[in-house]
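As structure tokens, here come the structures.
Each of the next two complexes has chain A plus one more chain, namely chain B in the first and chain C in the second.
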Partner chain A sequence: MNALGFAWRSLVRQPARATLGVLGVAAVGALLLDMLMLSQGLIVSMQDLLDRGGWDVRVSAGELPRASGRMQNAGAAADEIARLPAVRSVLLVRFADARLERDGRRPLPVSFEGVAFYGDAGGTQPVNWLVLRGRDATGPGEVVVNEAIAETLGIEAGSQITLRASCVAEREALPPTRLRVTGVAEFPFEATSENTVGGSIEALARACGGNAGDDADLILVGAQDDPDVTVAAIGAILPGVYAATNADVVGRLQETGFTYFRQISTVLTTVTVSFAALLIAVLLTVSVNQRLGEVAALRALGFTRARVVKDVLSESALIVGAGGLLSLPLGLLLASGLDRILKDMPGIPASLHFFVFETQALVLHVALLAATALLAAAYPMRVVSRLPIAATLRNEVIG
Partner chain B sequence: MKLVAALVALLAVAAQAAAQNSTTPPPDILVSRHLAEAQGLDVGAVVRLATDAEGTRAREFRVAGIYEPTPDPAQLGVAPMGVRLHLPDLLELTRPVGVPAGAEYVASINVALEDPDEARAFARDVNARVPGVLARQAGEAAGSAGPFRVLERFHLAIAVVTIVAATVFLLALTIMLVDERRETVGVLRLIGLPARRVLVQILIEGLLVAAAGAAFGLVLALASEVLINTFFQWRYDTALVFVAITPDVAATCVAIAVPLGASATVVASWALLRRGGLRLARR
Partner chain C sequence: MTATPIIDARAVSRVFRMPAGPVTAVGAVSLQIQPGDHVAVRGPSGCGKSTLLHMLGCVETPTSGTLRFDGRDVSGLSDTARSLLRLRHVGFVFQRFFLLPMLTAGENVELPMSEAGLPKDQRTRRTRELLDYVGLAARADHRPSELSGGEMQRVAIARALANGPKLLLADEPTGELDEATGAQIAALLDRVNAAGTALVIVTHDPALADRARRVLTMRDGRVESERLR
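Moving on to the complex of A and B:
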């Protein structure tokens, strides 16, 4: 019988302790997998979100669009950007707070996203949302709404909504505007509890009673080639604005907002691995100590030192291996729960995830668990390898 | 009125001019330690501040002092490059061209009450008397607290998983340890000690071991508290406290760990004590 089969029989002989050992490793392994997923999750998710949008450069008044004021004379700026040779297409984005009128109930607060294409390739570029049902809004009297609004109001493509939007000041008393819903769309950067309406900049101006001004929160730019070249070109013609590639945005996230999660992931990964190694080492050591007589008898029967060491290592590998396998579904389940908790943070886009499963995380998870199995077995392996056969057998008989 | 306002995004466009060159001394400002270090500013230095990168309508100010910014968890990882001006100077600097003095607005007014317990009633009173103004208690107005409440829930969830894992391991260990003492327990039963008496003894032992473990855990936590805070305060250049082992936290840990340890011992021993003394003492 090989070492693995022998270790299996040893574990099966003590089902309670073996099961508890495996369950313990599974719980610790699940936490370890989650921390590895967290270590890069937000970055991977943000990169994916930005790439899916199809735009390469973001131009705004400051580092954080919507939090650092609006760009003035945005139409002229977008036009200038669109004429740059390094630019493929341009989308001007303007946000406004609005209230959606409901019969006999309090108005629903919504965010109105108005967009306008500049340049020749406008029609072929993706808008800042994905139409799920119906068609995109094109005319000044048309809008798309997100799922939350469609569900709350029970509306679909073809319905009419009444909006009051405030483009200039928060407390404007504007007349209501009737708009036609042409479709239901997904807005990738909207927060979990946000209600969003999208349409052309003309539709936004109409909802604002014609008082929209000529400013923008964001100008999205599609680059012809290298986004860095496009950023440099924009910086040369518009020195007062902040232009960033998707990589810059992700880099900024890595330096500031994400750094906390990376640190906590590192700390918890270290603690988890140490915790697992320590506990499995104690389990194996106690188990081996209880079986010293048995091990000595096996040595006396002809088992080599290497063979008994291999038995202990196999036992450790079986406990950690089974626990590790179990930890994968457990970890994914736990990650989805923890992700839901963290996504309650205000302003976090609903499509962004803190925990993202990647092959790299899985490989690291397996490597760390293998190292844990080895580390945990080190001391008990030393005990069995140095076991004096005759003295141990004598102690067993007279003890 | 000598109110001091926090200036969020002013740009120091030129530093270091001699104060004695001007006839009227420039107004005083305070700069954050981070800004002073980044720009090499000392007390007495004269700087020019403007509201845009081009330095339009820049004005001279004298650095009267360097302050340590109040730690702000929401600004973690961002060096607080702050300047504090007297409110009239700030309004003068930021007022758009063509806007008459006195037409400016402020974002918020902080009010300190003689009796803080009356904060809610005071806010209600202000809301009733001044239409268009929203008065809230400071605790309610702290919008940035939201993310930290979420983080608190996240940490709690991780703590629960850790406790579950620890409990499972603890149970496995106690089962093995109890099994190791099978013969001793068998002899005790054979000399007449009832199962209940042996169980009480095991429970007391479990309590003692769990209490010792909890005490050791607290010492370890206190040591890691210093280590983690030192590292993160250095890493983010902040005075924020990241880990705080408060009496409440310590009490909660002990309240969980000791009963858990003792219960694990009793649960592990239960199956053993149901067997007969002879069977236990059998070699």
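Moving on to the complex of A and C:
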């Protein structure tokens, strides 16, 4: 009987202890998996979100679009960018706060995203949203709405909505504008509870009473080839703006805000691994101490020190292995629940995920659990390897 | 020409370092065990019987003196080498049996053979033979908890014989058994010895000791007398 078979029999012999160990590791392993998914989740999800839009470079007035003011003379800037050889297409984006009129009820606050293509490839480039039903809004009197608005107002493609948008200052008294809904769309960067309307820049200007100016919050650029080359080319012609590739954006987030999650994750990972190691170490130590006589007898019968050590290590590996396997579905379930809770925080894009399952996280999870099994078995392995055979046999008889 | 003794102990001592000072458990004992020998070691508790037995079985290393097993000096052997020597050439029977409770009687017997690397079919055959030899062929699939004390000791003897040892060491093999069961175990040990295995038994039981050809009496770590039968 090999060490693994022997360890299995030892576990089956004490099912309560084995179950306790496996469940403990499963719980701790689930937390560990979640921490590993959290440590890189936001970064991976943000990268995915940025890449999914199909735009390679983001141009804005400052590092944070919308928060750092608008670009002036944006139309001319977008035109200049579109003429660069390194650029494939350009989308000018302008946001405005708006109110959606409702019969007999308070107006619904919405965010209006107006866009305008520049350059030749405009028609082939995706807009900054994904049409789920109906068609995209193209004319100055057309808009698409997000699912939240469609549900709240009970509208679909073909419905009419009445908007008052504010493009210049927050407290404007503007006349209401009637717009036709052509479809329902998903806006990747909108928060879970956000209401968003999308349309052309002309539609936005119309909703703003023709007072939209020539400002933009963001210019999205599709690169011909290397986005870094495109960024350099934009910097050369527009030194006053901030241009960044998707990788730059993610890199900056990694350096600033998202590092908190990694730090928290690292601390919690260390705590969970230590807890798992202690739990298994205690269980194995108690188990080994109960069997010292048997171990001494096996040694007397000719089992080598390495063999009895291997038995303990195998037992640890079996507990951690079984618990680790159970921890995977448990961890994924827990992550999905936690993700839902965290995404309810205001301003978090609904498509962004805090917990992202990656092969790298799984590999690290397995490696950390393997290290835990080894660490947990270290003390009981030491106990059996240094067991004085004769003295133990003597004590067992006296005891 | 005399055969090489299985055990040739020359002035072996075992001193334990204790907080209150060194304690000599066995002091300068010289002893030879020949193939097929049947030796009983008697003496009061704490006289060093078990320590001597453990030294003879290469479990305990002598503090001084030389110990040869089958002509080979074992004092310088590594822990692993001594383990392998015990596995292949020494059988142990303990007062408390020390059968593994999660294994069946058959699996307990098979364990040392498995550790010695014997192929599965040979292990199965030998296990059957050994259980048959100790009269427990029908109990092969029973766990120790389903066996009586005498049956457990018989399984332990079968386990000790698994790898065909030259020397069988038994420490109080009837200590946990009633008189009748103890007599059965004693008879079984006699059979083992009669089949050619040298036998050294540490015992307080005069009836068991009287079955041996040589009876050593120990006191204060020394062999006080040796009686031949």
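Here are some notes:
The rule is simple: the second predicted complex is superposed on the first by the 397 of 399 C-alpha atoms of A that agree within 3 Å, B and C clash if a C-alpha of one lies under 4 Å from a C-alpha of the other, contacts with A are read in each partner's own complex, and residues count from 1 in each chain.
The criterion applied here is as follows: a residue touches a chain if its C-beta (ideal position, glycine included) is under 8 Å from a C-beta of that chain, and two chains touch if they have at least 3 such contacts.
Just so we're clear, the structure is a prediction, and the values are computed from it rather than from any experiment.
After superposition on chain A, the partners chain B and chain C are seen to fit next to each other with no clash. Between chain B and chain C, B touches the greater number of residues of chain A. Using the contact criterion defined above for the overlaid structures, shared-chain residue A:104 touches neither chain B nor chain C, since it reaches no partner. Looking at the shared chain after the overlay, A:154 reaches neither chain B nor chain C. When the two complexes are laid over each other on chain A, the CA centres of chain B and chain C sit 90 degrees apart as seen from the CA centre of chain A, to the nearest 10. Applying the stated contact rule after C-alpha superposition, one finds that A:259 touches chain B and leaves chain C untouched. When the shared chain is aligned, no partner comes close enough to touch A:175: not chain B, not chain C.
Superposition on the common chain places the nearest Cα atoms of chain B and chain C 11 Å from each other. Annotation: chain A has no residue touching chain B in one complex and chain C in the other. On the chain C side of its complex with chain A, the touching residues are 50-51, 54, 57, 59-60, 79-80, 83-88, 90-92, 94-96, 98, 100-103, 107, 110-112, 114-116, 159-160, 163, 171-172, 175.
Partner chain C is touched in their complex by these residues of chain A: 1, 9-10, 12-13, 293-294, 296-307, 389-390, 393-394, 396-397.
Within the complex formed with chain A, the residues of chain B that make contact are 9, 52-54, 76-78, 132, 143, 146-147, 150-151, 153-154, 157-158, 161-162, 164-166, 168-169, 171-173, 175-177, 179-180, 228, 232, 235-236. Contact residues of chain A toward chain B in the complex are 16-17, 20-21, 23-24, 27-28, 30-31, 62, 171, 239-240, 255-257, 259-260, 263, 267-268, 275, 279, 282-283, 286-287, 289-290, 334, 337-338, 341-342, 344-346.
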